[in-house]
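This is the structure, below, for whatever I ask next.
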Amino acid sequence: MQLNGVTIDNTYAEAFPTWIARVIITAVTLEWAKKAATEATGFATSAIGCPCEAGIECELSPDETPDGRPGVSILICAAKKKIKEQLIERIGECVITSATTAVFDGLPQAAEKVPVKLHFFGDGYEYKKEVGGRQVWAIPIMSGEYIGEEEFGIVKGVAGGNFFVMGENQMAALMGAQAASDAIAGVKGVITSFPGGIVASGSKVGSNKYKFIPASTNEKYCPTLKDKVPDSKIPPGVNAAFEIVIDGLDEKVVAEAMAKGIRAAVTVPGVKFISAGNFGGNLGPYKIELHKIL
Amino acid sequence: MQLNGVTIDNTYAEAFPTWIARVIITAVTLEWAKKAATEATGFATSAIGCPCEAGIECELSPDETPDGRPGVSILICAAKKKIKEQLIERIGECVITSATTAVFDGLPQAAEKVPVKLHFFGDGYEYKKEVGGRQVWAIPIMSGEYIGEEEFGIVKGVAGGNFFVMGENQMAALMGAQAASDAIAGVKGVITSFPGGIVASGSKVGSNKYKFIPASTNEKYCPTLKDKVPDSKIPPGVNAAFEIVIDGLDEKVVAEAMAKGIRAAVTVPGVKFISAGNFGGNLGPYKIELHKIL
Amino acid sequence: MQLNGVTIDNTYAEAFPTWIARVIITAVTLEWAKKAATEATGFATSAIGCPCEAGIECELSPDETPDGRPGVSILICAAKKKIKEQLIERIGECVITSATTAVFDGLPQAAEKVPVKLHFFGDGYEYKKEVGGRQVWAIPIMSGEYIGEEEFGIVKGVAGGNFFVMGENQMAALMGAQAASDAIAGVKGVITSFPGGIVASGSKVGSNKYKFIPASTNEKYCPTLKDKVPDSKIPPGVNAAFEIVIDGLDEKVVAEAMAKGIRAAVTVPGVKFISAGNFGGNLGPYKIELHKIL
Amino acid sequence: MQLNGVTIDNTYAEAFPTWIARVIITAVTLEWAKKAATEATGFATSAIGCPCEAGIECELSPDETPDGRPGVSILICAAKKKIKEQLIERIGECVITSATTAVFDGLPQAAEKVPVKLHFFGDGYEYKKEVGGRQVWAIPIMSGEYIGEEEFGIVKGVAGGNFFVMGENQMAALMGAQAASDAIAGVKGVITSFPGGIVASGSKVGSNKYKFIPASTNEKYCPTLKDKVPDSKIPPGVNAAFEIVIDGLDEKVVAEAMAKGIRAAVTVPGVKFISAGNFGGNLGPYKIELHKIL
């Protein structure tokens, strides 16, 4: 299959279940909501080495937030047993400490709820109130009062939706991946947790040589090794590959984000080939086929 | 003492030792170095609840970096036993995964060294080379090659240098704190690890009511409680306080950053009072007196 | 009328007709589209002293643009006889010169059209082609090819929709104005042409003392003059005022933007009073009443 | 000559005299100084079609500005007879209108001075005062007071220092140009006036086909025309070229910026050739030879 002259590999992305919470962070201005959201979603690229995967889903205008202030929506993705701790730590350390923030549950319809009891920080001076129809705690702090909901809906979402952008050289592949990341930023319900939304160093599970590490470079996709390893997956004329990894609320929105990202990537001159990562279909329950979604 | 009409409290900031590593991150453009640095220093506001404290120290022009590319310098601050793990995880998950990055030790003169062996990721395809006089590993990755030093100097620095910016209302105090943060951004050797460089919710050790939490709101500095708690430290006419917390390579540079920050804060209309946080001088070995440094 | 405890003055904004073109700028990434748009809309705050009024309307995701690339929509507002020249100069000097850009008409349904013949730059090497259903010129340039439509729809829109955000001090008023500007950024069909969307120095027509200048400070709204001029319009307790000025495609969308901006401004602590600017109703045909739109 | 494997053409940039003013813009925070500076330097890429050439020179920390606030330095470059008008209009429309700004002369040592009488805007309510050793006017405005110097030093500087970054494809050339632009941003005394510091469509004087236009595409440097025009200057293997154009206070600093930019550009993979633009040496008095400055 060809799209704008770029070959789309006949393959699929293999994705996995994850639990996801959506946190609405509001602040006096959009800039302050963004600062809190950026800190709260840092050090959260991959569940392999980070405590969770997290990212900014979208900006919210004041008429989309419970308190009528500018906001940012973030998604936090983790195993069920870890998500509560991550919500407590990331809201507690990165959002309550950030100027003028308030926090609201972004999945109020979710059947499953996680308690996030941060009001203890108020040391007894905290009190309950209602903001925008939500039951929240008001906690006296040095800069005034912090407002926060303490129950967050969580849903079973999809982690690891992905595709590879391959180019005739590194800069073409990078800008193709950036165009894809820009396109995906406009899709509600998904995040790309890696820096700038792009993975420079896709990995395989385990290692052939060093048995003590959980993941290592995916040598079959390394352009500098294409003549050194058997079964290189790097097509002729390709000299660099970046991966886009997408987590989202359900399979449909992850597939939509993949499709929009790929369509944007192929507009970039020098992008030559689009593929996707899977493990032979044995590990993840979701198989998102590139030819089907485009 | 008065500065530009603002009262400077006759008190001191009480600060603590910490171990610090400086990581030079370079990339094809400054923007990409910043993206990696932002991710690598996220979720790192306070050692109380985060795995470390970290922040961006400064941008580096290409003639200041080992490989002649644009760069960003970050500081990672942690207890000695935790700093190696944090370097491995944050470089491994947030920088190697980021497009076009390379990593160099920013404290090559330090007597103490920490090994950060990330070349195992190369699964045997990695090799040694020299870049800008540094011994580095080149690791084949999907987008090309990652270049990284694997030994980082660490020094015993100072954490928790601080001052409070108090204003007649919340916005005046916030903008005063922002002006301070802008001024401190120009000082090499320090970081401010909180979102935007500003703390909205300064805390005290422990809690009077909830014995199971390690820190709680500092009620004596809460403006909304000034008539409800005995011994409120909120001066008349003050209705909001933000804290600036500074970590740095030594006491001198932390004091310099505090002085520059305070001088900037007092230029902002509505800022009324500058103070600093301490624990009576019993906990931290560093006492940085406001009147002395100004 | 009170909104969130803030008094809304019983007055109206007096606005004026203007001709408006909408230019869709696309580029390889969103960042590059923004750089071109920022340059093209600079030096364009007020028609009194600038060649036109211009600003960024919104970002466009790849599926909203004719060429499937990330984009930015800008509005250029001027008198009918000046708009063609401004389109030619701003596209010619600021967009064609910007990396990887293409330009499309953002008002293809408009009855009135303005020719913007930039293909002469191609010196005969240019040629016609079709992109996304649009007839465009492809012009060979040093970096490749520039793609551009050469006919732009223009509509009779509304300039000078406005309101004043007044606060108990300067920082409260500024952050109130910023929250308003953030809210308005989410409204399609409008721009705020001043830096950051905010006017620090609203003016009156002419001058009482210096007859040779077209506009001068609006002393009745100057807080530092409230005890020095008769008929000061600064209410008790107000010490600073910022103005938000909005241009838009029609009166309805300007009124909507005003309403959203005011609702956001009143969420900011220290904002005390909202008013609007008019000239007694004698100059502009549009009278947008604050109490009606809220 | 080769630099990092990239051929440096044995040629020179031909540059021209220009008059330059340096305007120091300060504000309550760096962000607000930047907003004013961005607006004031917009629509100012090339003196051919814009009223002037202008750009941001550098950010200033509070201890580098007359009023102890964060600041930005901009350069405005124009013919001597036009520079006064441009200072008046750009400061008057874009800086005085911007929140919390003050303006100071950035070339107080210059022998030649230009009066910029903006205090008439005060309509008689303005008054003189001293700030940081400078004689300034304080003008009452709606948001408080605007502070501004009214005499600006101007010097005879150099416009049109330049070099070309050529790459094996468009994205490699663009990122090479971006790395150059990042490097030049660190050099005090210069600006790059085009969007993002990069020119996508370098031009020649006049046109062969359309006699009525002042400048047209430089077909000898157009990659898509390399087989269609005689004497193409596009070397084998090159498929895109971007130009960096530099204005600066003197020839030495322009040469330094060119050297730093070229050194950064050649670190980018896919960059193949560096050249520079001249008119045979007949038009401009400055000839900056690439081999000499590197």
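Letters are used for the chains, namely A, B, C and D, taken in the order the chains are written, and counting of residues starts over at 1 for each.
The definition used in the following text is that contacts are C-beta pairs under 8 Å (C-beta built on N, C-alpha and C of every residue); 3 or more make two chains touch, one makes a residue touch a chain.
In this text the structure is predicted, and so the values were computed from the model without any measurement.
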| item | value |
| --- | --- |
| Distance in touch steps, counted as few as possible, from chain B out to chain D | 1 |
| Pair with more cross-chain C-beta pairs in contact, given B-C and A-C | A-C |
| Farthest chain (mean CA position) relative to chain C | B |
| Inter-centroid spacing, chain C versus chain B (mean Cα positions, whole Å) | 38 |
| Between chain C and chain D, centroid-to-centroid distance (C-alpha), Å | 25 |
| Chain A-chain C separation of Cα centroids, rounded to whole Å | 34 |
| In chain A, residues with contacts to at least two other chains | 28, 31, 144, 170-171, 174-175, 268-269 |
| Chain C - residues contacting chain B, complex | 31, 167-172, 174-175, 268-270 |
| Chain C to chain D touching residues, read off their complex | 28, 32, 35-36, 38-46, 48-51, 89-90, 92-94, 96-101, 120-125, 139-146, 164, 170-171, 173-174, 177, 194-196, 198-203, 207-210, 212-213, 215-219, 221-225, 228-229, 239-243 |
| Residue ranges of chain A in contact with chain C within the complex | 28-31, 61-63, 67-70, 144, 175, 178-179, 182-183, 185-186, 260, 263-264, 267-269 |
